[in-house]
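As written, the chains take the letters A, B, C, D, E and F, and residue 1 is the first residue of each chain.
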């Protein structure tokens, strides 16, 4: 069950409203890496899991992301408000200006409707936690870029708050992944095929076969890979048993 | 700010799991008229409005819908669980079975990802409240149809709880609309054109011009409309000033 | 069966073309609340219903909306035309300029393709008529905002014509809803649970529990609701029989 | 302006309703190659063109497709009706059964919402007519496959009517393309680069370079192409002036 | 199997970067008529066909389109690069600037995500080849319009290269269609209904029935059509046997 | 530049075709975690990066995924083939049966069109590599589940081959991430706010405040977090400077 308290997690104060920056902010409201995506990804993983500790972690962070959604939505609305009366400002986001009365909605910076296709939910803890670590990394860099494009101090402070929390969450998900006690490449229960798993296919080569800037060599030495050059032309070198 | 309590608003108990019914239930989880759509429509209207009473109403009900989302998600997950191990059951929703480990996700009964295109948010109170009344009416009939297709008593009880709450919300939104003190056709501030607004265009007629089952007559007597028959062929009868 | 007459329902004449306003106009051509959405919502409801009077009403208005689609499309095309030769104008809608030769297409003001996800069709008359009343209210406010952002008199006249017709339709749908003879909260045939239906859940509260700007009190007095404060923390107060 | 006559272009009569076939029929109602796609593609091209003869052709056929939409919608609705009361039938299309009351909506056979992304509209007559010829060819084969999967004679008759009309339209569009008086490869006004335009890049080869089943030879003799084998490895053979 | 060579099919060199033109270029990267659409349409048709010559043609051209995708992506990235550090430039495509670090992604000029709904794949050779001819015609006109909006010579040269190749492909697909040996209206195996197939329905008429600018007459003389005027009002003239 | 060799990376041989399993296989062809998503995510990151070693890695693996796309497409097509003639089989995927002639297309197991919204591309190496590690983990578990639902040995062998390669790629991306030499929480260049970054918000609690199954304690001890219980009710405990 959810309860809402009529106070923002971070009290937003802005100087001059900037409608085009308001549209940019929508990336974190209704965009692919935004707060609704985070809230839904974690909360639904939480509904699906039977592990009480993992469920608690997912509901803790999923709920915090709902509070972030409220903060970023309020912040974006402040920046979008001049669209209500100014035609020139309305050109910043005509979709919100004309159909939304200049309020926020679950669109991204280019007016695309939020879609659950953004979510990565697999029901496998060691996969979902990696999905979440990657999601937090995306959210962090997104906030960083917004801060870089913003001069207003009040807005920057709010974004700094939200950006910081993504690192907090990233660390928590990493700890949870560690606590599963799996080896780095252990996903699910089926084993990969030996030999084949250690072959690196060098599928992109120089025109003249020159190995400059070629990753294959580096991976062979560091990762114990065996490099197969241009397997499309040398399929017999691939470690495939049987029908190939 | 949001807080989550680790207890469902309605404790769901089911008899035998029915994966195909579980897929149907997803209409109220990730579907067009479902709980996320309701939660988001009201909460975002709440973020956008400056009227404290309306904001409170929208956040009250938006928050309750988040609790409903948790209930219906938990219920659907129970019904979908057999897909995890049974290939035949997995055919009920291969998308969730294969990519989701048989847990729920924000898809509808046919596997379409939830989209913010479902939402109706205009920033105009007398419009948004009508959007919300219509949304609650849709949610009510959706729950009714799910109940009609379900034999399991525990599932029916949970759906009856959720269905009842939609009527509660519908009533609250109707009261809020009344409290605005507007006349029934008063939307925004621009006035419609007199005379033209009272013309009913009879654009669909019998092949032979016979008026059987024709709405025009009924509306003329009840609503004070003036009926214009087949305006495509009689444009001069339309109350258009000037350029037409 | 449909027939088309080579004359617009409203003859559009514009002064100076304004490509960015042309893009805004697309909200009513290929947008969520636009004329295609209206035409399809009503016409498909008309195909689905067995009630001859309701079917006639839906086909009358659905057909009129097709004529509106033609008007708004012609109007938008006039405003978009300079994109054909001017690179600067083309930036107003590069999608139409580059792929469409500067003609209209079923996109909204931000270039999103029209989707049937915009439609609200349930096959239940008392629900569909509410969907239609809300749709007309949205269309009215959308036209009003377009008029507010437009200086060109010819364009404003055309939009005023179209805006007026939405009020006409809204009134017709309200009369049709009244003619069903149902009580205001009667949707479908299953009854809501007594007591529970009259409880208002106060899910959004002040931080300190202060009731300022709290809808609960107002609804208790006006609507006969019984208010349950913070049910997430007091689930025992909810009128749930049995399993909760 | 449009007018609707309350009579179907083809009176549909079916034997036993088949809900799963009803879902298949939706491909021609709300599917990618269906009647709405045809109606919109042609009608919008008609709005965009300034050529009166081409506009008339596009509005003639666009309007006929609206009448087809009504026929196929009515036919599909007949087949879907048992979903209203039978849970087993409802599994054929739970989206329509639960949210639509078993009526039709603009979804395809798998429940995907119709999208304007299906349309091909370029504003260039020699391109749009090719788009339309291809669209009619797709519609024809779609109807043929539906007929092949259907035993009900009344349904087959209706589909045969609709399928026949696609050939009629295909022929009309081919005549219109011929009437433009352009050469077969003349698209727009910019000329392709000589020499380069006559090179055929043989980008898919046998593992051992054997030319069996290789299109290159055939095209060289028939089309006057000069074949360049494996240009990725022989970029110097491509007829690129300057920077390559 | 695919192999990649680290060299572009056309070496792109640009003068001054133009971020708004970079966004326009995305139409050919992640847009409806762009290179990914072409690559996927042909390659998947190639996977589906059992005809070795047709498969080779489709894989040849499908593979070339992948090389084009790399060229246009590299070109667009060059033009978009200033968005990385300039807020004003970032407004050209905030989605790429904020979430993509100013690199390209599979979006079109208005930020819509690429969708397989763009593809036309039917598994019927005489239909798919027409789909491909139309696709190449669209791609050609799209490149032409991009060239028309571009002053940078290096960019124009690259676009001229890509535009030329579309004509090459169009010719190859036309030859392949001819080689099937079918008559112009032969699609699939079911025959259209005689008489009905030769009737042209004049569904769009002048208000007063005047035939000016009416396609019907022209088609009767050129195409052997029999014209039926206003069939909605004269259904008895349609060549429908039986139930109508 | 790309070159295609007319040989599959893994020669697929199947026993009895299983159309419903064929539809499941489409998850790895046109689904969210499938081979096209992988091919595009890596190849486009490769186009965007200026680091030659990273670009080589991304193009190597991106190209291999194109070869996988061809394998899984061919495999799915074999399983879907009976839909061509059997109506009962066609019910497994009516979209492909009716519109696609029973060949594959870029849809997932439920017929949803592939969308670039599936991709995670940020232009920041330490983020994109995490996106790729997560993507490979998802692909691995998806193949594992397909294998679990499949009895046909030839199909299982092909899926085992493809599954193995995902682990290979996952390892390569992990090595590349390590080679960047960043600390585990180092994303971009802006620093998170001290103190605040170390607070864990316990936003989901037991009804009675009991800490059973509460992640907060565990994270405090393992990760050095300071736990803030129920911050919605104790905002003063959050380490927010200034305006909160």
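In this text, a contact is a pair of C-beta atoms (placed from the backbone, for glycine too) under 8 Å apart; a residue touches a chain by one contact, two chains touch by 3 or more.
Small disclaimer: the values here were computed from a predicted structure and weren't measured.
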item: Intersection of contact partners for subunit B and subunit F; value: A, C, D, E
item: Between subunit C and subunit F, the fewest steps along chains that touch one another; value: 1
item: Chain located farthest away, centre of subunit E as origin (C-alpha); value: B
item: B-E or A-F - the one linked by more C-beta pairs in contact; value: A-F
item: Distance from the mean Cα position of subunit C to that of subunit A, given in whole angstrom; value: 33
item: Cα-centroid distance, subunit B relative to subunit C, in whole angstrom; value: 12
item: Per-residue multi-chain contacts in subunit A, two or more chains; value: 1-7, 9, 32, 56, 59-60, 62-63, 67, 99, 101, 107, 110-113, 115, 117, 122, 124, 138, 141-142, 203-204, 207, 213, 231-233, 235
item: Topology of the chain contact graph, where touching chains are joined (line, ring, star, complete, other); value: complete
item: In the complex, subunit B residues that touch subunit C; value: 3, 5, 7, 9-13, 32, 52-57, 59-64, 67, 115, 117-118, 120, 122, 124, 126-127, 130-131, 133-134, 137-138, 140-142, 144, 147, 154, 157, 160-161, 163-165, 167-168, 170-172, 174-176, 179, 184-185, 187-190, 192-193, 196-204, 212-216, 218-219, 222-223, 225, 231-233, 235, 238, 240, 242-244
item: Touching residues (chain side subunit C, partner subunit D) in the complex; value: 1-9, 30, 36, 40, 43-45, 47-49, 56, 59-60, 62-63, 66-67, 70, 73-74, 77, 99-107, 113-117, 119, 121-124
item: Contact set on subunit F toward subunit C in their complex; value: 207, 232-233, 235
item: Interfacial residue positions of subunit D with respect to subunit B in the complex; value: 1-7, 87, 90-91, 93-95, 97-99, 101, 107, 110-113
item: In the complex, subunit A residues that touch subunit E; value: 20, 23-24, 27, 31-33, 108-112, 138, 141-142, 145-146, 149, 203-207, 213, 230-233, 235
